[in-house]
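Heads up, the next two complexes both have chain A, just with different partners, chain B and then chain C.
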Partner chain A sequence: MTAARQNLIKVENLTYQYNGEQPVLKNISLEIDRGECLAVIGQNGSGKTTLVKHFNGLLKPSSGHVYINGLETGPLKVSTLARTVGYVFQNPDHQIFHDTVGKEVAFGLKNLRLPTEEIEHRVTDALEAVGLTGHYLTYPFNLSKGQRQRVALASVLAMHTEVIVLDEPTTGQDYRESAQIMDMVKKLHEQGHTIIFITHDMSLVARYADRTVVLCEGQILADGPVRTVFARPELLAKSYLSPPQITLLAQGLGKHAIPPDVISVREMYDLLLKARADKIGCCC
Partner chain B sequence: MAVLEIKNFTFSYPQALRPALNDINLSVEKGEFIGITGPTGAGKTTLACCLNGIIPHFQGGEATGRIFLHGLSIFNKSTAQISRLVGSVFQDPEAQIISSEVEQELAFGLENLGFPPGEMEKRISEALELTGISDLRYRSTIALSGGQKQRVAIACALAMRPEILLLDEPTSELDPVGTEEVFQILGRLNREQGITVLVIEQKTEQLAAHAGRILVVNEGALVMDGEPWQVFARQKELQAIGVRIPQVTRLAGMLGGSDKYSLPLTVEQARIYIERLVRS
Partner chain C sequence: MAAAVEYIHKDSLIHRLNATTKIFWALFTLVCGLLFNDYRYLLALLVSVLLVAAAARVLRNLLPAIAGLSVFALILLLIQALFFDQGQVVFHLIPKTNYLPVTNYGILSGVAMAARMLSLVLSFLVLLATTRIQDMVLTLVEKFKMPYDYAFMFMTTLRFIPTFLGEVRQISDAQKARGHAVEGLNPFKKIRSYAPVTVPLVLISLNKAENMAMAMETRGYGGGRRTYFRESKMRGTDYFLTAVLLLLLALGVTARVKGLGIM
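Entry: the complex of A and B
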């Protein structure tokens, strides 16, 4: 029997409800391959966090199936899945509980019963990757929220998991901190990690994700390359989202031959310069 | 007379090596809509705490200089007096909402100030109406969406009929629609009720569209103060400080825009500007 190439994550007809209430996720099917960088977007309460919590077994389907590397999550423990899927919570303070940054980052590794030397090595690397070298002995709550978010990220990085899930990693961060965190995420993606992140910031989706899944009232409203999804503002509006400013601008300039799927300022700038050059060319 | 005036104000937290706010000077007229932005740790929240009396009444530290509300020094006012003038709304509505029902939540501050029931009723209805949430009056606060919760928090502040509404990153937990909802409400309160709005916000696209004046705080100092286009014209400096420039304004800057007429602040303004540019 030849095994078909497995999806890294496969979601089949997933429905989830909290304690007999209205389902939060309704019959969701989704496949995520190795090496993807996927943004999950949708309004508050659309089911984004509920969906991604299924990827590391924090939640189990009420009906339907979720497979990670071909294994169904139903019977698996979170601690087993944690070796494949790392999860960074939206609020780092829900995650951090040790009295030093070093211990916090080492916690998961100790649970894996890795040798002390290996743990030290990984903690040092992870702190360096998030720009917190020198904070090994710092009390986490003396750090800024942005820094605590990076401690949480370091804890997950140190686990060397194949998949990293980040639930609104930039909420409450300023512009520079957001860029720092996302640049780090980008680097992880380039190193081969599969990345899944939730965000409300459409400019981050445009800049960092290859693919986006739009959730609306527990269902998938759209799933595709970021450009393709952002080119359909009427669809996004159904989930109370709107594309980034620059994409909206492009969509208002359709009659000037600007395509509706522009997603960066630089791209728009180049298009306008070209439009201008073409025009000058034609007039001469 | 300025509704709020800050003169040579410097504040240091206990045991801090350098001041959290350094020689701040600011004068706010009644009816202004002011956006305050800057990187985290710049002193924005400290500034807000100085304006609603949390500093110095509840927090130690050392302050020099003066802050006047309606010409009277804030240091001589009790927090109860200040709360009638300055209504505060914080980042996380969860941290602010304490009652299980929306109506009770609005009644809480009024009860504390000892208003008679008839007056309370009037103010609660008015505040709910102004924030567009009259239909939520008897709802459980737990079942509300993030945007609704933040509107409840704004309604609570409004029930006190403050002169100034002070909001500290009120939309950071909200989706784009919830964010726009909050700014629409603020804009309406400002235009129709004449309420002075001071809002700390990272989302500069909203500030550019709604505020009449923007302050940039960095490392404890007020480093920029002007109309949105004046502030967003200083693109290199803003990038160095770490303040996001609205995408359409950044584009205009790259195209050489440098004044009120060539630095659009909203998508619609940018569309008109670009169309003119393409045609010329």
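Entry: the complex of A and C
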């Protein structure tokens, strides 16, 4: 093990199969460094959730290895790995069981056996981060689903883990709620957390991720900067994905003035202005 | 364990049989299991159930269930061996003392109890693994004249066991990811440490029940006499096998009356 340049997460030839059936993941190798913001995309059943569940030891490889901070996950307990890798599940109702939001958020911290003042402190901070200040004593089931999702997120945030895995954090949220959640994720990323999220929403990938991994039938179809991956629509189509509309527009406009890897409206706007100034054929 | 009470789609003679025949078979196994208490008869019954499972090609799917049940079978065996004090003492559970004698009859009746339990439960599991829920409801209502509400309730309960096992797995994953560990040997602590799993499970279940009630109402549940799309049809094989089962049952009862198969 080279201690000098150690990846935060390292996946080597990972194959996973649920008892005796067709493998869900086939020979996956992947390295994730500190401070990355990675989006995992792919159609349903492509193995996204199965892959990220290996990062906190909920699943153990059928063959191959997964290392977190250089330690192999095989013999480690999930509750031990939970100190390094936080995992926000799709459905908050699978975890909420306390009668107040505050206690719910404190649950993970109590499992880490932190001192009481520290717990109080972190709970308050986490609730503030997710915009639920003042709901400390609220009964969680009186909150909306979107708010409960944020309670779940806060309960993981409060654990201050190096890595935060989010499995479809914006499913079932309206636009405003999704934006709130993702802005929070962005803030965490800026604070130095490594973020891994699963999503079906390509515009979220374009806006928030630096890097994306495309899974298709248990294999990595593409892995690289979001821009590079979106510039190859034919590859994405194999996994029934399509780049954000602004990228499609850029690709439709032709090769002269507009590059095929535009991923934001702002960028497109600047390029179009420039093209008009230069009087380039495609768009005057 | 999740697969244990689910319909497993395969093409086999047993799968093609009418649900009525299979229900008869399960009842037949139940009656035979209760008629006799000789370990040889009950072991034979167990073997017959396993043979049917093999013929239905679901034996492999039932292996996890069999493994789980074997634990209970062992406990039954142990309890019988401990508390049955007739017959010859084979050995003492605490060696070189006179405490906790285990007798030959104790062991044999333990084996009988274990075989009985395994045959009854497994025959039921084979029935469920080889019969579609719709067919079962149809048969229970049409042939066995069970009120539809009861048949529906019974089947829904079975239908939801695998669903709930799935929920349990997801919930315990979510709690483990927050550093929760079911640990320690102290049974009270252990029970308390299950609360993070049981509370969300109950809440989710209530929610599911409410949703299901609404879904049922929107689809016209309880709106009058039901008709059925599928028909429950007995074929030649079904009549033949039912006749064989009845014959065997008559033989079994006669044997029992004559005092055979009893220790």
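Everything that follows uses one rule, which is that the second predicted complex is superposed on the first by the 274 of 284 C-alpha atoms of A that agree within 3 Å, B and C clash if a C-alpha of one lies under 4 Å from a C-alpha of the other, contacts with A are read in each partner's own complex, and residues count from 1 in each chain.
Simple rule for what comes next: contacts are C-beta pairs under 8 Å (C-beta built on N, C-alpha and C of every residue); 3 or more make two chains touch, one makes a residue touch a chain.
Just so we're clear, the structure is a prediction, and the values are computed from it rather than from any experiment.
A.B. asks: After lining up the shared chain so the two structures overlap, which partner does A:Val156 touch, if you call chain B first and chain C second: first, second, both or neither?
C.D. replies: Touch partner of A:Val156: chain C, not chain B.
A.B. asks: Looking at chain A, does chain C or chain B touch more of its residues?
C.D. replies: Tallying touched residues of chain A, the top partner is B.
A.B. asks: Can A:Phe141 be said to touch chain B (first), chain C (second), both, or neither?
C.D. replies: The answer is second: A:Phe141 touches chain C but not chain B.
A.B. asks: Taking the superposition as given, does A:Leu215 touch the first partner, chain B, the second, chain C, both, or neither?
C.D. replies: Touch partners of A:Leu215: none, neither chain B nor chain C.
A.B. asks: Kindly classify A:Ile246 by the partners it touches after superposition: chain B alone (first), chain C alone (second), both, or neither?
C.D. replies: Touch status of A:Ile246: first partner only.
A.B. asks: Could you tell me if A:Phe97 is touching chain B, chain C, both of them or neither one (first, second, both, neither)?
C.D. replies: second
A.B. asks: Touching A:Ile9 in the superposition: chain B (first), chain C (second), both, neither?
C.D. replies: neither
A.B. asks: So in the superposed three-chain picture, is A:Ala39 touching just chain B, just chain C, both, or none of them (first/second/both/neither)?
C.D. replies: Neither partner.
A.B. asks: Taking the superposition on A as described, I'd like to know which of chain B and chain C A:Leu272 touches: first, second, both or neither.
C.D. replies: first
A.B. asks: Which residues of chain A are in contact with chain B in one complex and with chain C in the other?
C.D. replies: Common to the two interfaces on chain A: nothing.
A.B. asks: What residues of chain A sit close enough to touch chain B in their complex?
C.D. replies: 42-45, 144-146, 171-177, 200, 202-203, 240-242, 244-246, 248-249, 252-253, 256, 265, 268-269, 272, 275-276, 279
A.B. asks: Which chain B residues qualify as touching chain A in the complex?
C.D. replies: Residue positions touching the partner: 38-41, 91, 145-147, 169, 172-179, 202, 205, 242-244, 246-248, 250-251, 254-255, 267-268, 270-271, 274-275, 277-278.
A.B. asks: Can you list the chain A residues touching chain C in their complex?
C.D. replies: Residues 53, 56, 58, 77-79, 82-83, 86-87, 89, 91, 93-97, 107-108, 111-112, 141, 155-156, 159 of chain A touch chain C in their complex.
A.B. asks: Touching residues of chain C toward chain A in the complex: what are they?
C.D. replies: Interface residues on the chain C side: 167, 170-171, 173-181, 195-196, 199-200, 203-204, 207.
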